[in-house]
Amino acid sequence: MTDLSPPATPGRYSWSRIKEHPSLVIGGGMVLLIVLMAVFAPVIAPHDPLAQNITARTIPPVWYENGSWEHILGTDQLGRDYLSRLIYGARVSLFIGFAAVSIAGVIGTVLGLLGGYFGGRIDSFVTFVTTIRLSLPVILVALAVVAVFGGSITIVVIVLGLLKWDRFAVVIRATTAQIARLDYIRSAQAAGASTFYILTREVLPNLTPQLIVIATIEIASAILMEAALSFLGLGVQPPTPSWGLMISEAKAYMFFSFWLIAIPGLALATLVFAINMAGDGLRDLISPDRRG
Amino acid sequence: MLIYLSKRLGLSVLVALFASILAFSLLRLQGNAASALAGEGARPEDIALIIQTYGLDRPLVVQYLSWLGDVLQGDFGTSYFFRSPVADLILAKVGNTVILALASLSIALCLAIPLGVLAAVYSGTWIDRICVLISLMGQALPSFFLALCLIMVFAIKLRWLPASGDASWRHFVLPALTLGYYITPPFMRLVRAGMIDALGNDYVRTARAKGLPGYRVVTKHALRNALVPVVGLVAVQLGLLIGGSVVIESIFALDGLGYLAYQSIGYRDFPVLQAVVLLLAVVYVVLVLLADLVNAWIDPRLRVS
Amino acid sequence: MTLLTVDKLSVDFGRGATALHAVRDLSFCVAEGETLCIVGESGCGKSMTSLAIMDLLPRIARRSVAGMTMGETDLTRPGGIRAVRGNQMAMIFQEPMTALNPAFPIGDQMTEAYIHHSGATPAAARARAIEMLNEVGIASPEKRLGQYPHQLSGGLRQRVMIAMALMTSPKLLIADEPTTALDVTIQAQILRLLRDLQKRLGIAIIFITHDLGLVSRIADRVVVMYAGTRVEEGNVAEIFDNPRHPYTRALIDCIPQPGKTERGAMLGTIPGVVPAMIGDVRGCAFRTRCALATAGCEGVIPTHGTGSHQWVCLHETTLQEGTT
């Protein structure tokens, strides 16, 4: 019921308001750091992430006895610098997360807007399509599609984009249905505004808070899914550094070099944790009445 | 009620049907099924033979309809790879997956309900914050990473539990723990939100005004109503668990439906894959339907409509 | 004999300069078998007072009280309120629609606390519930016990609430606006029921309402609250025939009185709203809306009167002249 946020007042999302939500500041700050790291990967990374060095294989990170500052996080089974691969891996995760969710967001928002605004048969159709989508096992379908079309970043983005729109559709449909009954939409209709105008200028801007919150949740989930697909060998293909793929490649060396798994694993966990935390903070900022 | 039920049933059947069409056409979109089956370096006449045997040269619609007709008669076809009826394969493996799903669900509920209630009763305090932190961390840990960590600790270092297989109940402990922890956060959040909501209700105040002890107010009056949405989530998560255990079953080499699906993807074993996707879609719609019925039982207000 | 004594009760939300004082230094007592009405506008703290007595305040509220006893029991101790609540002291609420749990049948909700307090068997509790439903005038009570709240009308639900409250034979019933959410005809029935029950069972009632019209029909004594504090207290005749505080007078002017109010004449209204009592509060809270307000109203306000009739106002004499 409280999904509708009160009308925005000046300074509603100002820094002083944001400061009151520590989870948003901490989570958002962490996400920003990782994004910067991904953007400036060529500058920051100490080595070429793809350069193999057979003589320097599985060197442990610097805090181990035989580690060295040359390779701060050590090297992998092919002698590639692990820190550089980790930094470039952030690019893959973030790009796939953002790109897939952009596609999903457009599909889900359009479906949700149409169903929620028009109701009736269109709404039944939207609900039906959403139910079908929900009945399909995401991981399995994604795996199958990647298997048929071959693994690449593009395929993963498209598959996840086509599969992850359900939450957008459900939430946007419900919220649009609420907004469509409000007086200012009625008055816009009465004034003869076109449906397209009403949907894009009157309804959509009011959905922005919800969209942002769902997008953060879905980006985190898409990043985890990419990692899982790549881990199973049906996602991003070697030698591209993807965190899921790095864990998969290191699996065989798990017993002696567990850090090969722990480092990308913790990197994934940190990124997803930061995004979810920022998402929680955003939700609190947007609808303070929902806080417990 | 009967009309409502039959309407819902009809819709469920339709959903499953469309899901199967989607899965079917998705897998056939790329035409080289036959060459994939024959393997690399197959002679053209072998490929032609495969195409003829499996009827892959017929139009997609015809292929689908003939498959659907067989399915309706209980014939899910024959696995390309295992060379045995798909129905037998699935029946042999579904047990493991159901055990795993139920075990993980029990673990998740045993964790999520107490933690969620605790977080709600003490909402805003440090107890609440710790519970929320646990849930955030659970959401952030990739399930396969958690699985490898558990294997490292309990199977390799401590040697308490086996790392792979499905011979005894001990083989199910690590996979169930992994999946259970993985699905705990959404339940915990829902229980917490539902409890905060329920605890603010007038009837909870009435129960306290009647002089009932605090634990009775929380466990009987508030929890009962907070659990209504949890039932729906159980249905959804159980469906996801049965379909989503692909990753975990593969890591632990637990021979269930997910592992079978993973293998059949690798072998382009379309009859198996189609059957599994159809089965999972049916399981999902049935579970959602069941959840609605259970909700009607929990919340008497819903019984009338 | 005095049943309930409340001494200097305060309820605050928050602390320091932004603290909201919902109830300020409120003292009153209730004698056995009498009806005390606490009356005031919405937001004057009367509901908070009732919740504070029952120790049911929301967690963000802070209660402080110099003393509060029910008979021999000290209600400020956790053990004290636990022994009394729902047993000797029961409560009914404003919203019968939401005050009953939708998930359980009426019978279950009526008997659970009775079983807890008295240790009765379920069968005995059921018999007691049927007896109580009869008492509040509900037909075919056996059938009702198995029904769910949503199957009953608002008036019936409030009767069930009353029956439920009476299960343990309480000495005191706190009724927080029990008729506000009901239709006027049902209102009258519930009111009659309460009065009737009180006569037969000899229970004391704290009746909380914003409706002075109801007060005249049910009260023995009246406490008039304004902005969290008591402005006047007296028995019903004193309050209605000789109101001494300007706020009480204004309230009474707002009720149409058959025979007294002239046809076509304007009913009284009180300009403005109850001010929120935030931060450091001093002086008379009513001065912002009071026609008699002077600079002195910002200072210490004396309490006048002796015996049962007391009022808190600077202008003792002015008002006496104004009252005819």
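For clarity, chains are labelled A, B and C in written order, and residue numbers in each chain start from 1.
Assume a contact is a pair of C-beta atoms (placed from the backbone, for glycine too) under 8 Å apart; a residue touches a chain by one contact, two chains touch by 3 or more.
Just so you know, these numbers come straight off a predicted model, no measurement behind them.
> Write out the two chains that share the greatest number of C-beta pairs in contact.
Result of the pairwise contact count: A-B comes out on top.
> If you average the Cα atoms per chain, which one ends up farthest from chain A?
So the farthest one, by centre of C-alpha atoms, is C.
> Which whole number of Å gives the spacing of the CA centres of chain B and chain C?
53
> Roughly how many whole angstrom separate the Cα centroids of chain A and chain C?
Chain A and chain C have C-alpha centres separated by 54 Å.
> Taking each chain's centre as the mean of its CA atoms, how far is chain A from chain B in angstrom?
Once rounded, the distance between the two centres reads 22 Å.
> Over in the complex, which chain A residues touch chain B? Could you list them?
Where chain A meets chain B, its residues are 128, 131-132, 134-141, 143-145, 147-149, 220, 224, 227-228, 231-232, 234, 244, 247, 251, 254-255, 258, 261-262, 265, 268-270, 272-273, 276-277, 280, 292.
> Residue numbers of chain B touching chain C in their complex, please.
These residues of chain B touch chain C: 201-203, 205-213, 216, 220-221, 224-225, 298-301, 304.
> List the residues on chain C that touch chain B in their complex, please.
These residues of chain C touch chain B: 54, 56, 82, 84-87, 90-91, 93, 95, 98-104, 112-113, 116-117, 148, 150, 161, 164, 168.
> So in the complex, which bits of chain B are touching chain A?
11, 14-16, 18-19, 22-23, 26-27, 29-30, 119-120, 123-124, 128, 132, 136-137, 139-145, 148-149, 151-152, 156, 192-193, 196, 236, 239-240, 242-244, 246-247, 250, 258, 261-262, 265-266, 268, 273, 276-277, 280-281, 284-285
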